[in-house]
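You will see subunit A twice below: alongside subunit B first, and alongside subunit C after that.
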Partner chain A sequence: MLHIVACCKWVIDEAYIRRGAGEEVDLSAVDWKISDYDRHALEEAVRLKESQGAKVTVLTVGDEKTAKGMKDMLSRGADEGCLVADKAFGDLDSATTADLMVSAIEKHLSPYDLILFGEGSSDLYARQVGPRVAAGLKIPCLTGVRRIAVGEGYVEAERSLEGEIELVRAPLPAALTVLPEINAPRIPGVKETLAASRKPVMHLKSSDLPALKAPSIRTVKIKAAQLKRDCLFLDNTPEGVRILVEELKKKGLNF
Partner chain B sequence: MEFKLTEEQELIRKNMREFCEKYVDPIAAEIDEKARFPQEVFEKLAASDWMGIPVPIQYGGAGSSYLTHIVAVEELSRSCAASGFTLSIHVGIVEMLILLFGTEEQKQKYLTPLARGEHLGAFVLTEPGAGTDVMAAQTQVTRDGDYYVINGTKTFTSNGPIAGVYIVFGWTDKSAGRKGMSAFIVPRGTPGMKVGEHFQKMGIRASQTSEMIFEDCRVPKENLLGKEGDGLAIAMAGLDHGRVGIAAQSVGILQAALDESIKYSKQRVQFGAPISRNQAISWMIADMATDLTAARFLTYYAAWLKDEGRPFSREAAMAKLFAAEAAMKHTIKAVQIQGGYGYCKGAKVERLMRDAKITEIYEGTSEAQRMVISGALLR
Partner chain C sequence: MAGIWVGADELLSVGKEIAGARREPLIRLVWTQEGALPSQNLPALVQLAQEEGPSVILFPSTVNMNEMAARLAYALNCPFISGCIKVGYVVEEDCLEVERLLYGGAAVQVVRNESWPVILSVSGGEKVEVEGVKIKEVIPALEERERLLERREKAHTGRSITEAKVVVSVGRGLKSREDLSLIKDLAVAVGGEIGCTRPLASELNWLPESACIGLSGVQVNPDVYIALGISGQIQHVVGMRGARVVVAVNKDEKAPIFGVADFGIVGDLYSFIPLFLMALNEKR
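This part shows the complex of A and B:
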């Protein structure tokens, strides 16, 4: 039976982010959610399980708050969870996250056939973790995937590119990053949510994994973006256009 | 003491919110306008086990608590109070009564399909001359061999036109007073039971309400719920549970009123600034949020007592009284904040204000709640 690892990130729900004083971002009252793109990866894993049989393990890396996220992930149809959570894992860069995932997968989730990711995370959207995990595991990586079919020993995927659709095939095991258009994730039912706590979860802490490398990227500061609105009514005449160009130049737009 | 829902309850609330944003919000104004029951929404709710949350798994439910059901009613009501109410009656009264008073056979036969959401339940108590005064009911039930024969006219039956199972109350022995009423499970299609006039209501218009007429309606003796003479106690137990649901519906309406008020007052500019900067407006919002919080905790407390197996009749009445009156008071304010825009069709607050009014009326008026509360205190 196929073993599919669906990777999900537990992120701040952007709807709760408030602007603090000045340029500060107020995160004091935020709620958390599964990264939107990753929901599609998990949904696709569960659909493959339903259509051709598979075991689905959901894998997530984060700090202790991520434990609640694991329940949410398991309520969406995964069979088991692998929770790589430690207070040291709160603010990791993509490379470190990928290293942790590679260790967890090699040591605890092998053998595996497919590793699915969302195309990027809905908080930072760096699109790094999927390809980095594939590189770490030395397996093929297909990105921008909008359709998946699994055959005997291979995966076939449609990749959505700028102007065309590319149909590619890779041997298993393989890593894929999926686009939102691949499916519409389900909303878990009440029974599924209640059953999530009864599913097996492997909890890996910092001490269970190789020491972290020094991060290659450090977040120095997060500033709130300022949106300024202005309204100017102009006539639909050459004179109106002239004023428009002048006004845009005044605001610092260069032509 | 812990003032928080479980992680599962929080996830269930979020899932209901997402469900509402996807399936309920887009049609809420339309079903209100047309007074249309959203069958398609209830089919989806049934498929995801929302129609029997506190019912044990062996009877088709989700096997969770009453509080979890209450959270679902609240969140659904935030998008559509009529849908939240329909769910409340179905689970909170009809399913809970069969669960509490039904025989094993009745649970298998009637509770299981209800909990799976195959059809809706209705609670058939009120009569034209018997609202708050339940004892003034006229419906008569006579025994005829292995059958009971029901005769009478009921009114304001929620889910009347669309239900699959009805719990009907009538006198089996009027001379026995409070011990003379009995309750019966009557499935749709039973000869002699028919749906009468449909009512056009001010609010919760998507909820279907009608008269129910019983003319020599014969039900087998196996359909007696509880024992002969238990009817009034069963009706009161049903209302205790249902009132927590109406409180949750009111909390959902109130939350929606607060959401709309915050959103509107921050974007509506008058005299060069958003109206939220005016103390007259910001204090309305402060009062709204305060009453919302109080109403929510009273409601959860009543549901928690029920789950703990403790008496909750008085707290259910308090929750319903407070939440309903708060919903009415603050939806009027929410319309006031939006001024002319809030008074027009298409503004959500206009619907919220009409929907709020019924919460002070059904399943015991606010006056009846005060009777229950003071009666318990001054006994």
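This part shows the complex of A and C:
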């Protein structure tokens, strides 16, 4: 039977981010969620399990808060969890996260056939962890995937590039990063949520894994994005819309 | 250190600046086979980089180039900073300082490299003339584990939306696929291209992926952006931040789109479009 590892990240829900004083980002009222793209990776793993039989293990790396995320991930159809969580594992860069995943997969989740990732995370959107894990495990990597078919010993994936669609075949095991268009993730019900707490979870801490390398990049600042504009409200009436067209004309916009 | 490597013409402007600051040669990587898979180009690239030791490698921020950059960074055990929207050089610390978007565009992350070499993928930049740029050819491997079975062009809807002076963009406020004809009428009247939010392209499939505006779609910089029935989630807003003038129409007065618009109309797009077309005709 196929063993599929779906990698998910537990991230700050950006909908709760407020702009603080000046350029500051206010994270005081944030909630957490499974990274958007990763939901599609997990959903695709569960669909493959339903259509052709597989064991799905969900793998996540983060600080202690991630334990809550693991329950959420298990409620979405994974069979087992591998929780790589430690207070030292918050705010890791992509290279370090990938190193930890490679160690966890090699030591504890082998053998495996498919490793699925979201194309990028909702917070960093670095688009690196999937290809780096593939490189670390020395397995093929396919990015930008919008359709997957698994055959005997191989996977065929449709990749969506900027201007082209490609159909690519790779031998198993392989790592794939998926786009949101691949599926519409299910929403877990009460039954699935209750069942999630009974599923087995392997918990790996920093002492179970090789020492982290020193990070090679440094975040010097995080500032709120400057997107705000002053909105002039006009009525949705013939007069209001006439004023709108006038105003646009004043700005040199003649259609 | 042997140079600043640049993987696309539009990054010559960025490469030129770094090369000047670090007094290093600028080298243009040339992909000898169009459409080679990242895994095919990678072996030659790793070998070249190991032999010649560039200090900076710049890639355009595309699906293939980001993948290749991440795998190259692993092979060279060096940092890769993806999706940079601004690149600068800090003289005092002899490092690069780059900006990239965080949290779906709600924040900007300012990052410095602590070691060389460093790989960046960059959005934007422009093609500039640089004298004496050397060329380095990347010759792809013939056989790789990943094998291309088929390639086809994506369906395109007329002109490129990224070049458009006017973009008429639509979101969940549109009730049915048939109603797209209304949006098309408006787009024709203002000579614009049609864009949309992520759900309309990915979940409903009403418009092609190439029309999807946002962090994970295309970024547009029109003179005017008309947002119809779009709530204004940050992931979408990031894609239209470059618009000179933004007009937003939404039934919900609390919709975040109004916070990033120059003109706002609280109302139904279905009643707005005829009113707007009428006002345009009066002007002519």
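A few notes on this one:
Just so it is clear, the second predicted complex is superposed on the first by the 228 of 255 C-alpha atoms of A that agree within 3 Å, B and C clash if a C-alpha of one lies under 4 Å from a C-alpha of the other, contacts with A are read in each partner's own complex, and residues count from 1 in each chain.
In the analysis below, contacts are C-beta pairs under 8 Å (C-beta built on N, C-alpha and C of every residue); 3 or more make two chains touch, one makes a residue touch a chain.
Because the structure is a prediction, the values reported are computed rather than measured.
When both complexes are overlaid on chain A, the residue A:29 reaches neither subunit B nor subunit C. With both structures placed on the common chain, the touch criterion links A:21 to neither subunit B nor subunit C. In the superposition on chain A, no contact is made by A:1 with either subunit B or subunit C.
Legend: residue contacts after superposition of the two complexes on their common chain; A:72 is shown touching subunit B, with no touch to subunit C. Look at A:135: by the touch rule set out above, it reaches subunit C but stays clear of subunit B. Between subunit B and subunit C, the partner in contact with more residues of subunit A is C. Of the two partner chains, subunit C is the only one touched by A:237; subunit B is not.
Subunit C contributes residues 35, 37-39, 62-64, 66-67, 70-71, 73-75, 78-83, 97, 101-115, 118, 144-154, 166, 189-191, 198, 201-203, 209, 215-216, 223-224, 233-235, 237-238, 241, 244-249, 258-268, 271-272, 275-276, 278-280, 282-283 to its touches with subunit A in the complex. The residues of subunit A lying in touch with subunit C in their complex are 12, 14-15, 17, 25, 37, 93-95, 98, 119-120, 122-128, 130-132, 134-136, 140-144, 156, 159-171, 179-181, 184, 214-225, 227-238, 240-242, 244-245, 247-249, 251-253, 255.
Listing the residues of subunit B that touch subunit A in their complex gives 7-8, 10-12, 14-15, 18-19, 22, 47-50, 53, 57, 62-64, 68, 72.
On the side of subunit A, the complex with subunit B involves touching residues 33, 68, 71-72, 75, 187-191, 193-194, 196-197.
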